[in-house]
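Scroll down for the structure; my scribbles are underneath it.
Note that the chains are named A, B and C in the order they appear, and that numbering of residues resets to 1 at the start of each chain.
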Amino acid sequence: MTMKTVEDKSKKFSLSANLVNSLPRILILGLLGVVLSFLSPYFLKTNNLMNIASIASIPIILALGETLIVLTGNIDLSLGAVFSIGGVVPAALMKFLEVPVPIAILAGLLVGAFMGLMNGLLISKIKLPSMIGSYALKVAVTGIAVAILQGYVVYGFPDSFRFLGVERVLNIPVPIYIATITFVIIWLILRRTILGRKIYAMGANADAARLSGIKVDRVLIITYIMAGVLAAVAGIVQVSRVNSSHAFLGDTMLLPAIAAVVIGGTSMFGGVGGVFGTVIGALIMSVIDNGLNLVGAPSILQQFIVGVIILLAVIIDQTVRRIADKRMR
Amino acid sequence: MQTIESTKKNRILEGAKKFIKSFPPLTWVVILMIIFFAIAEPSFFDIGNITNVIRRGSSLWMLATMATLVLISGGLDLSLGSVLTFSGVVLALLLKAGANAGIASLAALLSGTFVGVLNGFLVSVFGIPAFIVTLGSMNIFAGLSIFFTESSAVFISDPRMVFFGAGAILGIPIPILIAVLIFVVSFVMLHHTSFGRNLVAIGENETGAHLSGVNTRRTTWLIYVYASTVAALAGIVLSSRIQSADPTVGVGWEFEAIAASIMGGTLRGKGRGNITTTIIGVVLILVLRNGLNIIGVPVMWRSAVVGLFLLSGIIIDVTMRRRE
Amino acid sequence: MDKKILLKAEKINKSFPGVKALDNVDFDLYEGEVHVLIGENGAGKSTLMKIIAGAYRPDSGNLYIDGEKISVFNPLAAQEAGVSIIYQEFNLIPDLIVAQNMYLGRFPKRFGILIDHKKLHQDAADVLASLSLDIDTHAYCINLGTGQRQMVEVAKALTMQSKILIMDEPTAALTDREIDHLFETIENLKAKGIGIIYISHRLEEVKVVGDRVTVLRDGKHIGTKEQTNVDISELVTMMVGRQMGDLYTYKKMEKEITREALRVEDLSSGTRIKNASLDVSVGEIVGLAGLVGAGRTDLARAIFGADKYDSGKVFVFGDEVNPKSPSDMVKKGLGLIPEDRKAQGLCLILPTSENIVLANLKNLFNKLFINLKKEKQVAQKYIEDLRIATPSQSRIVQFLSGGTQQKVVLAKWLCTNSKIFIFDEPTRGIDVGAKAEIHDLMRELVKNGAAILMISSELPEILGMSDRIFVMREGSIVAELDRDEATQEIVIAHAMGGV
């Protein structure tokens, strides 16, 4: 069994260890910002920064969900599909059955929760490895989403719904509010509630957590349900923003979400990291994308750069850990 | 008093029982499915259809074989699909630039080898979890594919490549020959070389293998090189067959390959995964897709059916495995 | 008798943080002999063997194998020097066949790459035949019985041209027939000139299989006897006889032993636990003695709800309970301080304070939210009360010493106001000072109304701390002793049996 280890940076500062761990990433983000502000006069314009934040909002919400799962030591490949179906169900309800907007949204969230529940049961009761289980679920959910919309793309939603994705309040796009609120809620849950403690404990050492009286299965299922709801939220806002919905909307959203988690420093083994790092990771990716645009570089390079950053982030992490380990001996 | 006849009969019976038991439970599902589709739509069994399915499935089979090998060694390769795509891109672009088919193919093949060297290095030397490494390389090469082709398909018209993809030798389509060749090579490697035996050992007990003198680092590194090279080969075959390099085709296929491998009975890090039964998983997916197509199930429902099958298949397999 | 010396270890010293595992130990091995090594748990046997097998490096001292001084300590080098070790948990690859396991990494080849199966099986068959073993070289190791698997390990050692074979508790998992077979094989090996170091807890085997026997105790070499001179009770005395210092003096304290806290009736689980019954009362420390593998931890886990069991009853304060999960038992007031504190007692990458409050989250913080201030106070309280040596409460527990870590685990249960504590090897791997502290803490606990079930493999600890002692052997409770009637010899006798 691999014992999860970490280096103790919190000696000098009494800041939370998590914040300290994120420092290098914050630095990278800052560095990026500095470099880009030199490369392009438009980078630091409020409009541009707002744009970055706005575009990053939806992936951030999805990545928050993935962070929860990764913290427990698992991986969730179905969140992209839940993202899709979280948007498809409200879209279908609003379009075909003329269901009032709030109820449609609620339905979407419930669907997300349900899919999360299914995922959680697969992993905790049937004990499927999370990668396999969530992948199979992903295919199934996509299929259901396709079946609901009969393969069509649905357009045109009521204004009250579009408020979520398109409107501004105090000149700040609503998605940014939603992302911020979601972030704060999840952060509070993870860092200030009993549930959050249990999640971290499970990820750190599921055996010890169980032997300390924590109902590991239950915590797992709740976490999966939360992730499902978050994916649905992200999907709903996306549908609102682009004013259309189809079953494959979330296909391209999953990998960037995982990348944000990895880049953000949350360990794949669980127990280390958090949503703060994920947000930084997502912002790093967003800033790079934005920067590429501004500089006139083809934005299709983004996936490539994401891959490079993932590898760099992990290599740096690993080398730092080796050095720290050697110093310990 | 047992006669020679009856002991012989017993032994045959025992042998037959063992043979039947060695197939994963899913085999019966596949057989039932085939019967079902054949009854529902007789043209399912047309030579033309079968050949078509097999042709299309050759790339998936190659990927699944590689996925199984990597899983046996206790690892995981998420970049296989992107390598497949990327090598096709390399091939098409070089051909377009005027290179001859041989050189372009070699370059495309080596591009896969390069990815494998990269993956293997990071996993075996740096000790980074294979999931993250191959996730990273998956993104890198998927991204590069899109970049180099500017998001649109690049056509291949070189007659030799076209033949490679569409032609047949002695009536057997070339893609299939290649897939079979890869299977045979991999089979021999797995069962008849120390490298293959070492893979099994490393997957089940890395420390034990190390203590027995196996060079675990080198073996792990090499399996990634092999897997990516074959994935590149699969990409060359695919692009030749559809006569284009499409940056959106192939990315994500590794998940299906892994699913096929698992349904075929492979569990990560257990030598019991074997590439022969992986074929069952591949056949399952192919039969399902083609069958649904033939009997006229509307496209929209197919994903749902495939997904539910996948899900139940995996659940059944894992639970039955646990009973043992 | 001029038999060749295969191995000579001189003045070997080895320390681990807080523990002196080997103290100036001498050991040697002749060609063609079986040298049995005995001693209690923690006496240093396995450390010595690991040094010989290259897994550890000695702090000081010399090791000579076949006349050559060993300066490089790693498993492969040891193998090359001719040492093979068969661990209790065998190192075979389940999905490889016998022949392949035997020659892993050393397959005979054809054309340089392909395995020469014919030669492989021929060679393997030859080796097996030389040991008079009838094992199919084509069989999968996973299908072999334990005894046969062990034989394959022995054969594997032969293929490596090993001259020295170390066997760690070889008969632990074997049937009588398999044991006989093993002894025959050993005779065979001896005839080939191979030297065997045989570690065992089963004293009755010493006379049967050993040519010489060495006793280790507390890391020291106590004595070496020839087989003809050996007397089992003398061996036992050598194993356990020691000066009992203050540390382990049984203090008959002023405390009341009142009502029954925990009672187990006829608990059975598979082959690991057979009709075990015991009881612990408030104010009592009950010791559970026995050899490693006797089933004590299994019993503890079953009581705690961590593992399912087949039949039996558990009573907490007189009420029958059904331990379905640890969470149930924690609510009933139980706490388990596990054997492997790092893997099961602590979340190593989390801070001290978080580990301390981990089992009591719901009660400490009434609502959903964690009151950071309260957490800090509570953690501080226990850090002070138990004198937990940490620079700050946010220190990640991974970096604390063994003794300190154990205190954190204990703090976790104190924080939960547990009334019944199950300690599994409470002071294993902990330095003397911290040991004493933990023992004092345990005594404080029962004085204040707790009940303790203490599993320990250290006889002084059992005798020094327990009011009553249960002895477990091979899954059954074989003895219940009052402190007054117990001596080390009696406890060991029950634990090992057949004395």
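Just a few scattered comments:
What we mean here is this: a residue touches a chain if its C-beta (ideal position, glycine included) is under 8 Å from a C-beta of that chain, and two chains touch if they have at least 3 such contacts.
Predicted, not measured: the structure shown is a model, and the values here were computed from it.
In terms of the distance between Cα centroids, chain B is separated most widely from C. The busiest chain interface, judged by C-beta pairs in contact, is A-B.
Chain B and chain C have centres, each the mean of its CA atoms, that are 45 Å apart. Per-chain CA centroids place chain A at a distance of 30 Å from chain B. The touching residues of chain B, when paired with chain A in their complex, are 122, 126-129, 131-133, 135-144, 146-147, 150-151, 255, 258-259, 262, 268, 298-308, 310-311, 314-315, 318-319, 322. Those residues of chain A that touch chain B in the complex are listed here as 75, 77, 122, 126-129, 131-133, 135-144, 146-147, 149-151, 255, 258-259, 262, 268-269, 298, 300-308, 310-311, 314-315, 318.
Residues 1, 3-6, 8, 10-11, 14, 17, 192-198, 200-201, 204-205, 207-215, 271-272 of chain A touch chain C in their complex.
Across the complex, chain C is touched by residues 188, 192-194, 197-198, 200-201, 204-205, 207-214, 270-272 of chain B.
The touching residues of chain C, counted against chain B in their complex, run 75-76, 79, 91-96, 100, 104-107, 109, 113-115, 117.
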